[in-house]
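Both complexes shown next keep subunit A, but they swap its partner, so subunit B is in the first and subunit C is in the second.
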Partner chain A sequence: MTLFDRVQRAMVYVLLSLAAFVSIFPFFWMIVGSTNTSADIIRGKASFGDQLLINIVNFLASVDLFSVLFNSTFIAVTTTFFTLVVSSLAGYGFEMFRSAFRERVFAVLLLMLSIPFAAIMVPLFVMMARMGMINTYSAIILPTISSIFIIFYFRQSTKAFPGELRDAARIDGLNEWQIFFRIYIPVMRSTYAAATIIVFMANWNNYLWPLIVLQTNEMKTITLVISSLASAYYPDFGLVMVGTILATLPTLVVFFVLQRLFVEGMVGSIK
Partner chain B sequence: MTDKLKSSSLAILLASGISLTAMNAAIAEEITVWLWDMNFNGATMIEAAERYKKINPDVTVNIVDFAKADVEQKLQTQLASGTTEGLPDIVLIEDYGAQKYLLSFPGSFEPLNDVVDYSGFADYKVALASVDGQTYSLPFDSGVTGLFYRSDIYGDAGYEADDLENITWERYIEISKDVKSKTGYPTFPIDINDAGMLRILMQSAGSWYFTPEGDLNLKDNPAFHAALDTYSQVLQSPEIYKPISGWTEYVSSFTSGDVASVITGVWMTATIKASGMPGQWGVAPIPRLGSVEGSVNASNLGGSSWYVLASSEEKDSAKDFLGSVWGTDSDFYQKILVNQGAVGSLLAARDGAAYQASDEYFGGQAVWQNFSEWLGNIPGVNYGIFTNEVDSAVAVQLPALAKGASVDDAIEKINAQAQSQTQ
Partner chain C sequence: MSHLKLTGIRKSFGKVDVIEDVNLDISSKEFVVFVGPSGCGKSTLLRMIAGLEEISAGELFIDGSLMNNVDASKRGIAMVFQSYALYPHMTVKENMGFALKYAGAKKDEIIDRVAEVAKVLELDQLLDRKPKDLSGGQRQRVAIGRAIVRHPDVFLFDEPLSNLDAELRVQMRIEIARLHKELQTTIIYVTHDQVEAMTLADKIVVLKDGKIEQVGAPLSLYDDPVNQFVAGFIGSPKMNFLPARVEDGLLYLEHYEGQFINLPKLSESLKNGTKVVVGIRPEHFSNSGGSSLSLKVEIVEHLGGETYAYASNGNAELITIAMGANRNISSGEEIEARFDTENALLFDNFGARIR
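What follows is the complex of A and B.
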């Protein structure tokens, strides 16, 4: 190894360490913060304190944790399930079945990706109000289950699905639905895992739309609760940090459980 | 009064055969209130609701709290959508945004003139919520400003409370330089990206970015010129201020003892009292703009008020609730002053015991009495629809002013940007 190689290596590690620090520091700050008083957090105290229990007690006193976690979990899990079913079916269909309009329809879908949510928010609200769905889970779940991004993602991944498998299944007498559910889904499980993480995280953290359609304390999700706590004139940041940890844990768990498959899925999609 | 139970449930059958059920239940004679900050606005609303129970036991108050920006976002979206379903009966709106909502969504809010005697409230709070002779708010917390100063540091430099009474900005800058040279402390924190201080200066001169008719009022506005000129003098004396960035650093600068004073709203009192420096603080009236005739030693920063939605099914109860508790109950205002440090805008409240009390934290000064005196002197101005837009146009020019750019040039540029943004 020449001196130049060594220097180059050292530089790479310095850069990687910096990047790792930038990624990890917010988590460190969140955990340290949850053990300190609000005043210490404002002062920038970066060592562990003894306030964790007090912060947890205060958090539980001001938040109905069970209902908040139930709302967030129910919305995220249900949405993830239906998004995967509906959008993967669409992605599969777009790739597998040829039709004269296929590319045109798909191009329109991709164009719609560029419309910001804020632009469709008011009409969507009017629609939900007319359907009597304001302040319901359905108002949040229904508009998100056909996700153009996930359709696109599944269509790209389906390009790697071996056509021979489909032909073999047909010869063995499976109909198109059976091919999808019995052959396609098991083969594409890493793609499903990656999509699960993406959709779950997006919906767990979803903020703007739940904010607009949810109207009562009983329906609030954890993101809305934390936002409200953090925006007080004199916020108790210790309590906010406890809430943030609780909001982060489920996405971490989902990610670590599906991590191996997620990496395969991401690699698979670029083949 | 009949209680009417309205409930509707909806089941949606999805492709897979799993159904989702959602309930939406509302009980008549329940007043729903949207607000932010449960510890401050929420706690005062709960106290008011308990008092109203004695007047009208059939009415319950249901409080839903969101972040301030979230309340605004929800209100804006729902009013824009034209559907009234899901709107609350009462909503808290920050004073700077009041005209925006009242003028952009005419007919969406109820005038309260028939249930509230507005002569009993601070003039400026009434003016900001009035359109065409009708007033739409129950004025709540005031942002009356004060000059919070460290009496120990000022004392070391040879200044007593009397030296800060009735002074101009020119004098205050002189004092600040003297305090710095004698004690080493910068006088106040400044966030170069924030135009809040300019708002204070302008309102103390009875002027704003807009004329009472709502037109831009930047060029040829002597008060705006004087305010910007004064502020640029401050910005060009870096020894007298500590540059900070963002709210947390701002609060930390005076709670951790880095600066000798801060000019801010009365709502900061609780924070200053929590910083653990008893007997070391005092509150003086803010300096006035010496070059503007009619400028006073009183101004405002922030504050908010309650509004009744015209679409509300319970609007009569909501109006009665606001009018009878918030509109007249002086004892209620003593309670929320003691418990939440909330300074309301009902002038009669200042004769109560809590307002008269002296505070040892501020060296035995009757701070609430002082604040409520200044409250009555705040000039009324029209906050208009586009205060935030002009604010950002002002903030863009502040760094140049700090480097010594001409005030007239800055006003030209602010005016040009404001014009393009407010059309």
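What follows is the complex of A and C.
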């Protein structure tokens, strides 16, 4: 190995270490913070303290954890389920059925990806208000179940779905719905796993839209609760860190459960 | 046991006709092979018979019943695909019994029929495996088994051996021929490999650009092709074609300066100056014969039991000569390739046979 190769390799390691540090540090800070007092956190104490139990007890005293977790979980799980069903059906349809207008309709859909949420937020709120849906789960779930990005993702992945499987299923006597549910979904399970992680995380972490439409404490999700804890007049960052850990756990569980399929789904493999 | 009749079958995608006016009769228990180059429409025609493609015009009858608008699953057919099309999330057993399950067969019946077919195809040890745990040959056997289990009236095979290696292909070819003998069912088989067509078929349908060029028994197509395309497509190595001109009752070979050969026996006489193409099969060259070509051997292929020499006179395309088991020939050698013009075929400028 020449000197140049060694330097090059060393630079790669330095850059990767830096990237790893940037990625891991917030988690480290979160865990360390949850064991310290708010004053220690503000001072920048970066070592473990003995306040974990106190922070947890205080957090549980100030937050109705069951209701908050139920709200977040119900919204994230329901939205993920319906988003996958609706968007994968749309992606399958766009790819499998020929039509003179197919590409034009799809292009219009893709164009809509460029519209920022901030631009449709107010009209969406007015619409929800007129439909009497403010401060309901439906207000959060309905606008997100048809995700253009996920439709696009499923359409692209469906290109790798062998057409002969669909033909074989038709000869075996399945109609299009049965092909979709009995053949397509199981065969594309890695695509579904990847989409599940993406959609679940996006909805679990969703902040802006729930902030606007969920108006009572009983309806609030964990992101809203953490935010309100952090923006109190005298915020207790120990509590915020405990809340953040609790908010992170479900997404980690979903990710690790589906990790293997997620990797397959991202590279688009069908075995 | 089914008889198929195709009358005036057409398929168009927009303004493009991919199948044009196909008329064909397929008798019960017949093994029919659709053969032709890539893009000739053979797979499309098979898919139309299967009910996977709509028929733009014409009529398809199976056992006298019009099938144009009948669902694929109700046509009494089973299909084996090039990529096997096994459901990857199901075991071999589930794959084979899937169609029966959807047809409403009882569980015991499904188990019995799958076991029976698995035994015939030597799949009984693999029934609980998933397709990804099988070799290419095993997957193909499962695909065939899945078709047999349904007891179809007509088997459709869409290039089923294309994904297999050469040795396995020969093995599976024999297996399919044996199955046809045992099952006595009508089979329609698509391939671009004319060796498969010649070895398996009772009847070959040669297609080109969506049209049928010729239908007939393998050897009748080989010996008596209706045009230059069929003559060139059927036979391996392919027939040699030499451009020629009629002069004073002889054939002047245009790329072999000054060389004349006799005209084969024809029912019509040809005018002086008529341009023709002479077709000679590689095995029709020998040490004897009234006509000859002076050639220089460029490449020799020794296959053990057969030797092929590729030779030319420098002006023309390579001529393929089958030399039996001759092992003494080598490249660079000058040879006199003799042949009898009675074995040669003549084609006109448009490729039609001159008889």
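Note that the second predicted complex is superposed on the first by the 268 of 271 C-alpha atoms of A that agree within 3 Å, B and C clash if a C-alpha of one lies under 4 Å from a C-alpha of the other, contacts with A are read in each partner's own complex, and residues count from 1 in each chain.
Simple rule for what comes next: a residue touches a chain if its C-beta (ideal position, glycine included) is under 8 Å from a C-beta of that chain, and two chains touch if they have at least 3 such contacts.
This structure is a prediction, so every number in the text was calculated from the model and none was measured.
Trainee: Putting subunit B and subunit C onto subunit A via the overlay, clash or fit?
Mentor: fit
Trainee: After superposition on the shared chain, which partner residues are touched by A:Pro162: those of subunit B (first), subunit C (second), both, or neither?
Mentor: After superposing on A, A:Pro162 lies in contact with subunit C but is clear of subunit B.
Trainee: Just checking: does A:Asp50 make contact with subunit B only, subunit C only, both, or neither of them? Give me first, second, both or neither.
Mentor: neither
Trainee: Based on the superposed arrangement, let me know which partner A:Val187 touches: subunit B (first), subunit C (second), both, or neither?
Mentor: It touches subunit C, and subunit B stays clear.
Trainee: Comparing subunit B against subunit C, which has contacts with more of the residues in subunit A?
Mentor: So, of the two partners, B touches more residues of subunit A.
Trainee: In the overlaid three-chain picture, which partner chain does A:Asp172 touch, first (subunit B) or second (subunit C), both, or neither?
Mentor: A:Asp172 sits against subunit C, while subunit B stays out of touch.
Trainee: Quick one: classify A:Asp5 as touching subunit B (first), subunit C (second), both or neither.
Mentor: In the superposed model, A:Asp5 contacts neither subunit B nor subunit C.
Trainee: What is the minimum C-alpha distance, in Å, between subunit B and subunit C after the two complexes are superposed on chain A?
Mentor: After superposing on chain A, subunit B and subunit C come no closer than 22 Å at C-alpha.
Trainee: Which parts of subunit A are in contact with subunit B and also with subunit C?
Mentor: On subunit A, no residue contacts both subunit B in one structure and subunit C in the other.
Trainee: Where on subunit B does subunit A make contact in their complex?
Mentor: Interface residues on the subunit B side: 8, 10, 12, 14-16, 20, 22-24, 36-40, 62-70, 73-74, 77-78, 80-83, 85-86, 88, 248, 251-252, 255-256, 267, 270-271, 274.
Trainee: Within the complex, which stretch of subunit A touches subunit B?
Mentor: Touch residues, subunit A against subunit B: 39, 42-44, 62, 78, 82, 85-86, 121-123, 125-126, 129-130, 132-138, 141-142, 208, 211-213, 215-217, 224, 227-228, 230-234.
Trainee: For the complex, give me every residue of subunit C touching subunit A.
Mentor: 47, 50-52, 71-74, 77-79, 81-83, 85, 87-89, 98-99, 102-103, 132
Trainee: Help me check something: in the complex, which residues belonging to subunit A touch subunit C?
Mentor: Answer in residue numbers: 162, 164-165, 167-174, 178, 183, 186-187, 189, 270-271.
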